[in-house]
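This report concerns only the one structure given below.
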Amino acid sequence: MLNTLIVGASGYAGAELVNYLNRHPHMNITALTVSAQSNDAGKLISELHPQLKGIVDMPLQAMSDISEFTDGVDVVFLATAHEVSHDLAPQFLAKGCVVIDLSGAFRVNDAEFYQRYYGFTHQYPELLEQAVYGLAEWQSDKLKETSLISVPGCYPTAAQLALKPLIDAGLLDLTQWPVINATSGVSGAGRKAAISNSFCEVSLQPYGIFNHRHHPEISTHLGTPVIFTPHLGNFPRGILETITCRLNAGVTQQQIADVFNQAYQNKPLVRLYDKGVPALKNVVGLPFCDIGFAVQGEHLIVVATEDNLLKGASAQAVQCLNIRFGFAETQSLI
Amino acid sequence: MLNTLIVGASGYAGAELVNYLNRHPHMNITALTVSAQSNDAGKLISELHPQLKGIVDMPLQAMSDISEFTDGVDVVFLATAHEVSHDLAPQFLAKGCVVIDLSGAFRVNDAEFYQRYYGFTHQYPELLEQAVYGLAEWQSDKLKETSLISVPGCYPTAAQLALKPLIDAGLLDLTQWPVINATSGVSGAGRKAAISNSFCEVSLQPYGIFNHRHHPEISTHLGTPVIFTPHLGNFPRGILETITCRLNAGVTQQQIADVFNQAYQNKPLVRLYDKGVPALKNVVGLPFCDIGFAVQGEHLIVVATEDNLLKGASAQAVQCLNIRFGFAETQSLI
Amino acid sequence: MLNTLIVGASGYAGAELVNYLNRHPHMNITALTVSAQSNDAGKLISELHPQLKGIVDMPLQAMSDISEFTDGVDVVFLATAHEVSHDLAPQFLAKGCVVIDLSGAFRVNDAEFYQRYYGFTHQYPELLEQAVYGLAEWQSDKLKETSLISVPGCYPTAAQLALKPLIDAGLLDLTQWPVINATSGVSGAGRKAAISNSFCEVSLQPYGIFNHRHHPEISTHLGTPVIFTPHLGNFPRGILETITCRLNAGVTQQQIADVFNQAYQNKPLVRLYDKGVPALKNVVGLPFCDIGFAVQGEHLIVVATEDNLLKGASAQAVQCLNIRFGFAETQSLI
Amino acid sequence: MLNTLIVGASGYAGAELVNYLNRHPHMNITALTVSAQSNDAGKLISELHPQLKGIVDMPLQAMSDISEFTDGVDVVFLATAHEVSHDLAPQFLAKGCVVIDLSGAFRVNDAEFYQRYYGFTHQYPELLEQAVYGLAEWQSDKLKETSLISVPGCYPTAAQLALKPLIDAGLLDLTQWPVINATSGVSGAGRKAAISNSFCEVSLQPYGIFNHRHHPEISTHLGTPVIFTPHLGNFPRGILETITCRLNAGVTQQQIADVFNQAYQNKPLVRLYDKGVPALKNVVGLPFCDIGFAVQGEHLIVVATEDNLLKGASAQAVQCLNIRFGFAETQSLI
């Protein structure tokens, strides 16, 4: 039985994380915390997220000094803002905790990236070196040996699961950049009051064209440039990505199917479609990334879906935990 | 041709009002204003409400002193907060303008009401006396002669259009209070950033049980107590009210139909259903209140729907204007 | 370990049932069946309900003769049409199976009821006598000893959980009939092609006024007349009921709270709100019925919510199973 | 005053057309018809589309022989199925009517196209030759002189308005095919009962990948191959298209802006965004196509939105009418 602390539990991904860990047979939640300034301090998590009422009614405790919360803690989940994770991760590591960070603070090993896309100067290049990028299906070995896991962004998870096997197998003509069109539910913007989030203003619409933070995260980890255009959708949860690529000459549908099957045959949280294409509703509330594809001539369209809060955040965090500690990969997720 | 000024044009009802008045052949919009403190001052209304782009691209001007905007103005629409309307209405009346107020500032002739439900002390009892309550189908004669029109609240419009003819005709046993269950779209809460308005938090739910401001507005104007339970619905626009009443002994379905037909036979913005019942979608974007009903034994259920921003606000304001100045009642509305 | 057969597994409630039973540690699903005429025969359940892909990929088998499916079966769930359940239940009982029926075929011990509301003549008055109405919180003892459980309708579950403790405690003045206004998601209409179900036609709207099948189910089991007005809502799942009652003279808010607390203190699937009121989203995807209330003078408003497919159907069916066989009441539900 | 007949008025586009023509000061609707087999024959259009109640309450008449309906008719609108339009158009032309067809029956001058994508053999090559493709902003001159107008498909309208000026100006490197990702509301599938249309089954999802009928319509009229991937969205109306292109070397943002401005400066139904990008809600219920764009390096993303039933069907049909007969281009549309 491992003790775990959840920092920044008040958001949508935090609530999902709490729910998973609460039912995990090998995990004991020691506390849920929010920042000392938060209005939510002192409330029960089930007041903010009433679906948890009767399931998890723990209070959200104000944390100003981490040492009040670290006694006996084995694993810390950071569901905090990027800069907060950046500041807290080394403190928890120094206490001997395994840190699983859901923010962007350790996703890309490049100091310039944080300056440009996140607006702060990264102070811990050695942690950027150590951190394992938790794209779980592709990092099993490294995950088992690290103390700092950086859970990928929501859009990058689906995009990489869709493209990485094809790129690694050399099937794509990358001189034509893959075009990733993605649509996300509004929960991706977090739990906050904002005109842009308000019910009557939300409407299908692209945003962050050519300058979204997840753009370089995808390119860097895939090792090739892409075009990534995110859209806000009029639904609370889920991401659907439609990816258009150019194939190398002579690549067949069967080759693509083979590559996908080989990559994911023992990966229970990636579901491959051998007919039809994924729909958003198939994954909402579930920890899967679903992938389907179609080919015509030299063009390939891959469709990948996931719940942005689950495989795109909390479920993948728990999947990384499970791999790190040798539990069944889907423990408490399905 | 009348000159009109629209004060507080930045909200959802304001935008609808601007759209109606822009296409009104007898009205000329002189300016759109917002409060001097508003962040929206200087923007085009079509930046806030892009559906108006290419139709009305007037700027929202900051108004600190009304006299900068009153030259030659015949009619002022106040789509402002309750206290703002309360303060501005007498100023515009003093300039000789006809004032059509969409707020609650002059709806009920009872000073106590404002203290309790709106949180301010009303300073103008003589205006409460003069103001005509613009439930348009029932106030044609008075509307023609007033300078201060108070447009009814959204919920009260549908509730009164449904109940008033039945009560006036003595068909209801009012010892059992009519039960008004109403569901409104989120635009009823206004254009603002708030967690309660945010896309992922909105969900069908009652609110303001036993203490909503529209409760006493309905009771006072109908002259009888009611039970009014508003709900927030997961849609942007529209109100549906399901009203359960007890009939006096012996009242027949035909009598009810006759009373409705007589009340609304020449009222083009009330549509009566002789079969079936109204659905929300039938009125969204349209200036109508739709009414249907069913009877069993001594119980009557009346269903009334409207677009909360139109018949529940801006369309009724324009309907009052049309009646006041002798234009066709539906001018620019259908 | 009990063997279970699920008949009529292709609908929305059927899919939820399959999901619950698949993860139930004491249950083994032997087969999923559909009628021999169904187009779905031969498909995998995960083709119809792709959220189950990788979780339950069993085929839907055509069943023309039950004896092909009854060997070793301990429990049969009928998620079938009313008349089909009526015909099949006695056959499965004759084979020694415990039958848990989700249809309306055995809910009311009154032959006339079936004629009028379901359009068929009931052939098994002795089964109507034996069947236990599975309103789980109120029937624990009887459930333990029966072979035929009739799971209540979706609307009646919430309505009765809200009203039964108050009526039993004598707090309500029933000379004024309780007014139950209920709104259900579209999945309540089942999985089928129909104009009325089609995406562009669905809109908040009452239906079945004064003549819905669940009306007499509620009245009969509560033992008192009510007014029940169902509405279709523009969402896939969930039911919200707003119930307006008259209290007996002198009844206090505290008395009502006490009665609710006493009724449900050991009932984990009913969640009482001591402040605020339930919202639909709090229960969607969860097996709870949430209840809150407000009082003013002699009037009481009770608000009850549930997921129509879960506590209103499949979760309650599994809850009945758990009680019947002595498993933990919430086994596999939370 | 022109007399007009609307054939196939029972669908969603038909209802919009009726609404526009009913308020058109130069048009007189002589009759609304449906096929002689339709269940809707004899109903009022406002029974099927209750938003029209009190506005247009004309009956839908069964038409078996067109000559019962052609006396004195100047213009016929065909809002019928493709094969029906194919059969009826020549009959109405023979009677001297101007025909405006909203189906796909005359959109592409290539007999093979109908065989492959519409499943029938086209019998009227001479009409394919004569028909003017009513992409209104680009065909003003030809529209004024034709008797057969073929209104473009919904997706092709937005796609061509976005791409045609850029292609004509030679700004695009077409060796990399433009990638058109489009999402449409469910009304695009028509008014019919189908599982795929049913409320609980609709979910964001691509469909018709590489083989949608609008794919060759776009390619043919643009004169260059494209990749077109349509998606079903979880909303009733509207289309959003996100189009990714490669620019020729050295093309600047300013050049693109200039080309768009020049193409649409006098075209009131195309709205160009000089900052921000279009959102779906800005055009729903309105006759516009909104276009915005962004550039980075050699890549260009153009975003185009429209209401699929309006600029994508009925509004463009009326716009063609207005141009054909010399009325103001936006008459009765804004």
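When the chains are written out, they are named A, B, C and D in that same order, and each has its own residue count from 1.
Keep this in mind: a contact is a pair of C-beta atoms (placed from the backbone, for glycine too) under 8 Å apart; a residue touches a chain by one contact, two chains touch by 3 or more.
All figures in this text were calculated on a predicted structure; none of them were measured in a lab.
Student: Between subunit C and subunit D, which partner chains are common?
Tutor: Expected: A, B.
Student: Can you check which chain pair, A-B or B-C, has more C-beta pairs in contact?
Tutor: When the contacts at A-B and B-C are counted, B-C has more.
Student: Taking each chain's centre as the mean of its Cα atoms, which chain lies farthest from subunit B?
Tutor: So the chain farthest away from subunit B turns out to be A.
Student: What whole-number Å value describes the gap between the mean CA coordinates of subunit A and subunit C?
Tutor: The computed centroid separation for subunit A versus subunit C comes out at 37 Å.
Student: I'd like the Å distance between the centres of subunit A and subunit B, where a centre is the mean of that chain's Cα atoms.
Tutor: It comes to 46 Å between the two C-alpha centres.
Student: Averaging only over C-alpha atoms, locate the centres of subunit B and subunit C and give their separation in whole Å.
Tutor: Comparing mean C-alpha positions, subunit C is 40 Å from subunit B.
Student: Using the touch rule from the top of the page, what residues of subunit A touch 2 or more other chains?
Tutor: 201, 234, 278-279, 281-282 - these are the residues of subunit A that touch more than one other chain.
Student: Select the category (line, ring, star, complete, other) that matches the graph of chains linked by touching.
Tutor: complete
Student: Which of the residues in subunit C come into contact with subunit D in the complex?
Tutor: For this pair, the touching residues of subunit C are 12, 185-187, 191-195, 197-202, 234, 236-237.
Student: For subunit C, which residues count as touching subunit B in their complex?
Tutor: Touch residues, subunit C against subunit B: 176-177, 179, 181, 183, 203-207, 209-210, 227, 229, 231, 233-235, 238, 240, 242, 244, 277-282, 294, 296, 299, 301, 303.
Student: Quick one: in the complex, what on subunit C touches subunit A?
Tutor: The contact residues of subunit C facing subunit A are 50-51, 53-55, 268, 271, 278-279, 281-286, 288, 290, 334.
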